[in-house]
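After the structure tokens below, expect a handful of questions from me.
Order as written gives the chain letters A, B, C and D; numbering starts at 1 within each chain.
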Amino acid sequence: MHPRIPVTVLGATGVVGQRFVRRLSHHPWFAVRHLCASDRNAGKRYRDACDWRLRGEPWGGLGEQVLAPASVGDAFAPVVFSALDSAPARELEPEFAAAGAWVFSNASAFRMADDVPLLVPEVNPDHLALVARQRRERGWRGAIVCNPNCTATVLVTALAPLHATFGVEAVFMTSMQAASGAGYPGVASLDLLGNVIPFIRGEEEKVEEETRKLLGRLTGERIEPAALAISAACNRVPVVDGHHETVSVRLAGDPSLAAVRAALAGWRGEPQRLALPSAPAAPLVVHDADDRPQARLDLDDTDGMAVHVGRLRPCPLLGLKLALLGHNAERGAAGASLLNAELARARGLLAAAVAADPHRPR
Amino acid sequence: MHPRIPVTVLGATGVVGQRFVRRLSHHPWFAVRHLCASDRNAGKRYRDACDWRLRGEPWGGLGEQVLAPASVGDAFAPVVFSALDSAPARELEPEFAAAGAWVFSNASAFRMADDVPLLVPEVNPDHLALVARQRRERGWRGAIVCNPNCTATVLVTALAPLHATFGVEAVFMTSMQAASGAGYPGVASLDLLGNVIPFIRGEEEKVEEETRKLLGRLTGERIEPAALAISAACNRVPVVDGHHETVSVRLAGDPSLAAVRAALAGWRGEPQRLALPSAPAAPLVVHDADDRPQARLDLDDTDGMAVHVGRLRPCPLLGLKLALLGHNAERGAAGASLLNAELARARGLLAAAVAADPHRPR
Amino acid sequence: MHPRIPVTVLGATGVVGQRFVRRLSHHPWFAVRHLCASDRNAGKRYRDACDWRLRGEPWGGLGEQVLAPASVGDAFAPVVFSALDSAPARELEPEFAAAGAWVFSNASAFRMADDVPLLVPEVNPDHLALVARQRRERGWRGAIVCNPNCTATVLVTALAPLHATFGVEAVFMTSMQAASGAGYPGVASLDLLGNVIPFIRGEEEKVEEETRKLLGRLTGERIEPAALAISAACNRVPVVDGHHETVSVRLAGDPSLAAVRAALAGWRGEPQRLALPSAPAAPLVVHDADDRPQARLDLDDTDGMAVHVGRLRPCPLLGLKLALLGHNAERGAAGASLLNAELARARGLLAAAVAADPHRPR
Amino acid sequence: MHPRIPVTVLGATGVVGQRFVRRLSHHPWFAVRHLCASDRNAGKRYRDACDWRLRGEPWGGLGEQVLAPASVGDAFAPVVFSALDSAPARELEPEFAAAGAWVFSNASAFRMADDVPLLVPEVNPDHLALVARQRRERGWRGAIVCNPNCTATVLVTALAPLHATFGVEAVFMTSMQAASGAGYPGVASLDLLGNVIPFIRGEEEKVEEETRKLLGRLTGERIEPAALAISAACNRVPVVDGHHETVSVRLAGDPSLAAVRAALAGWRGEPQRLALPSAPAAPLVVHDADDRPQARLDLDDTDGMAVHVGRLRPCPLLGLKLALLGHNAERGAAGASLLNAELARARGLLAAAVAADPHRPR
């Protein structure tokens, strides 16, 4: 039994930060060393600075912990989870990586950088190899590893086994996204109650470009984006948690629905083979009932870590239609970063950083 | 000034029937003669049989009227508006048509019949010509004229000027449909509150086949369906009224967004040229703000009779993406049938039926 | 036909400010001279500074008008409508009043001041007499007249005829308040979707003290608060517009339900007698159906200016129970201030201010 | 380790029936023998007859079980849980009780019968003694034990320690009740989305009379209802699960808020002393934050078995105001019946019925 690896959470008071803290509060491999928030909150107790919005033990049992300033000097740990917004992420994450930390980030700042792995462990674990180039070229002792946008995560998790088995050529995706995807306070209730907002700034572009990178091929030390054509339309709907997506796909070879179903249901990835602590038994849950998946009924299974697929049926244009559902704030955010860290740890990538940790108890 | 044409409303107590009554209560051309409901309600006053669910004057001022049995003998009028479900429509509408009535129906029973016009007056007014064949072959003195499914109506109203101007080759449509589209009581609140239901029985098939018929070409006395490829995915969302749709379209000749916008915004149809009483000033309202149209803000303009278009932007797959909104229960149901009747009257088609009305005051 | 009185709207871009503008855009007696917003928006066009959230003509047709700084020098008019928050109201409203304007305010800043009328025109029109003392003691050429908190307005409108007819001795009120009562952005959708928030800061205190002042007696130049005991519990519910209230009342003399119903339904106030432009035909609409009033069905009748009363029934504790509904943003805010101004104009109180208007066209 | 007691669930396919099945699927003391539904479903597999609406393992793992007809001959067990509607409960429950079963019923049919315990185990465990009279007078070998209406349950659980410590003299209660309290399909989404319905048939009467019986005193073999005055106003709000209540109470002796808080927070009942399997650690969770309890944040704690209390503050009329929240379908329905059965078992009351079970394995 190894001691747990100390971690820092950046942006610990927000919607995603709270989910990091909750997941870490009983994690077998990681233990919170520092919780950081914005400067005006540093020095306060977590319970006083954070309006806890989740079920379960408030503040993950860390309500008395004093928030540290978000700086390497004050809050270093060999592993960092970042729930920062894009602008502060762009500044702070490199500082921690340069100082030797492995930063597992939910922010969008570095997702599309050539030398940064954009990672879903079941989908493209080999992309982790980019880290070697990243560290060499940037002169960092640590690294940054990103998880994708929540909407892209749900989509790519369903596409990955289809791409591996048949080859995905074209994709249409319309999302119906939950309020929690916009953070807190996020969308005003006056705008969302009983309404649909057919626009989420920057979301469609992220889904389109991140999906191609995620399904891309690692060639030497770069990612060749997948050649697939993809079009996304993103909407906000009055749902608290859980992004629904309707998807049409053109697959090479025009496989049968049965073959598609088998490819989806039978798929297991490296997190399943390694039995990572946050990995669901299978990355996809396939539903056969006409009217599933639904956030009300399916979202909380597997702790929000599986993506749900249903309504497999022919598409007159592209061949295959399906309906998806995934937990935007778990598999699409906090759980995603954590699973990335678990993969890195299981591959032994974190050992050197832990050994070099200046605050390591010896 | 002609006297108003007497009309019968079949299914007057339901969600759509109430909207017929409200629209007819102050109509310049039509006046309610009979309100019909199911057998168990015949003989009751409208106010006692109908749980009025609309704003405005309750029961459209007709609360004291006694409901007639839904039969030709008891409830004939030269014009009939049908808000029936499909099964009773299949039985009753032909009886009224055979007896000489023009039946303007919101039911799905006869929409796809070869000799029945499926009509949106701005889109395919020439399809009314099918009535001649219908009457000849069926030996009816009256006729049945259908309006399409609410979701198809919204879609085809936006496609029509694009098809006329450029030619529509392929269409993707994902709907986010309101609760009122399922009638009353319709969807249980336990199923819909804070949830998305990714399935509406039969809806996708209706949208696909009705759209092709609506955009089809009248050749002799039959409709050649439009050759376009179309794929629909339909969802129920927690909105009271108003169907949102995200759409991608491939147009012949790859026109610019400016040309598309001009075609949409400048379009006027026969209802506008004829200034029909229920016609909006323009069939389409084009929005330039990023986040429009929205049911909350846009639905009730034009009394629910215009379709709203927004978010014109390039689609990586098909060339053009847009967002639509239309009032499912007005432009997609009661208002649709009424506008069809107005077109028929303006073209002089109803005159013979009115003259032959056995109950006509002389 | 007199020329319309020029008015200034303070806080024109907010939820209540927009409703002022919409109501004023076609008002027979008042015409907008200045629209004011916060300093950072002064100099912008109204359409560019204001995210219009209402149905009907955007920006009330005033989208091109340039916003003035909120100061007497830049934005004086003989009548001012204030949709300011409490802090700026405390500072700005006296400046305008001192300069000669009649300020009709929806803000809470001066509601409980001894010399300021807290006015619902049907309830306590005689309280307007306080203005004489206010002007004398403060040395103002103008005046401030307040309307009450939205929740108190709904309650007091139902209590007033009961108090006049029987005498109200004790009142219990539990509110279920709509999102729009919190302004924009107001309550986060994450907090309100599918939830009840059993707390609204300061609301219960306002309801309790304002109700006593509103039902108080004018004695000389002061208001003797009504002696009634009152207890309020306020909740936020996921409704867009419309405050529901459940109320129990103890009346002197224990009148019958029929007598209570007659007192409510038959009540007319000075706005009805004077036929003020914004006055509903009757201040109260009494519902006899078991399950009314409801925001969905009843709110928009009478342009949101009537209060709806239903479910008259015995209360085991206080004698009488009832259910109320009123439009928080119309009768409870913008419409309230406007009706106050109409009363003042009808009584001839505004004539001197109009005559002294330095910008008056002559 | 004793074998688990076989039980029958009546009404197993409904909203409450499903919760019974889920709770029983892993219960240490009880095991499902029969699942019963309406006649048209008897003979079907549970998975085919029941549209499972809950999170967790579908059909509680009993999807393959064949539904039995709801009769003593086909579905006897020594313990019966009844999720029936009132009319079938009135007929079926006595048949099972006569045949020797202990029927723990969520139905309202027998709640107010003189010889039937209306039981909340923390509140009035001594009322179980009524069973002796019930069996003697009715000649039953078994018994019927009822749990109260969900709204009354939440209220009485908060009142009980106040009544025991100080004496409750008068109570005002306004409820804001969740959709699931109306069963399935229950309230139409068209009625409830973004709305409040100020009426629930029969609910106010149930709350008033059941509360008095629950807090009543057992004298000999009858219950003397508590003398307190109580007034209830019941509303339906767009929340899925969880009834909120605002309450005002007059207590004898006018205790301080601190004394009230201590009485509430320190209260433990017999289920806690006996450590019954479904008992929460404490029957009440006291919240000190201004804006709690809320269904979104608090409902699922303690598996829905604790009642949440917050906003302790003075009431100008009755002395004490508070806000309550409880899970209508767990503590207010399925969990309530189950806790009643656990109490009966812990007191040894079920042993004879189990011994006499004709189908007992020997």
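Going forward, contacts are C-beta pairs under 8 Å (C-beta built on N, C-alpha and C of every residue); 3 or more make two chains touch, one makes a residue touch a chain.
Since we're looking at a predicted model, the values are computed, not measured.
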Please flag the chain sitting at the greatest distance from subunit D, going by CA centroids. B
Does A-D or A-C have more contacting C-beta pairs? A-C
If you average the CA atoms of subunit A and of subunit C, how far apart do the two points sit, in angstrom? 48
Chain-centre distance (mean CA atoms) for subunit A and subunit B, in whole Å, is 44
Round to the nearest whole Å and give the separation of the Cα centres of subunit A and subunit D. 41
What parts of subunit B, by residue number, touch at least two of the other chains? 53, 191, 193-194, 238-240, 296
Would you mind writing out the residues of subunit A in touch with subunit D in their complex? 53-55, 193-194, 240, 296-297, 300-301
Residues of subunit B defined as touching subunit A within the complex: 170, 172, 174, 176, 191, 194-199, 201, 208, 229-231, 233, 235, 237-240, 244, 246, 248, 290-296, 310-311, 315-318, 321, 323, 325
List the residues on subunit B that touch subunit D in their complex, please. 15, 53, 179-180, 184-194, 238-240
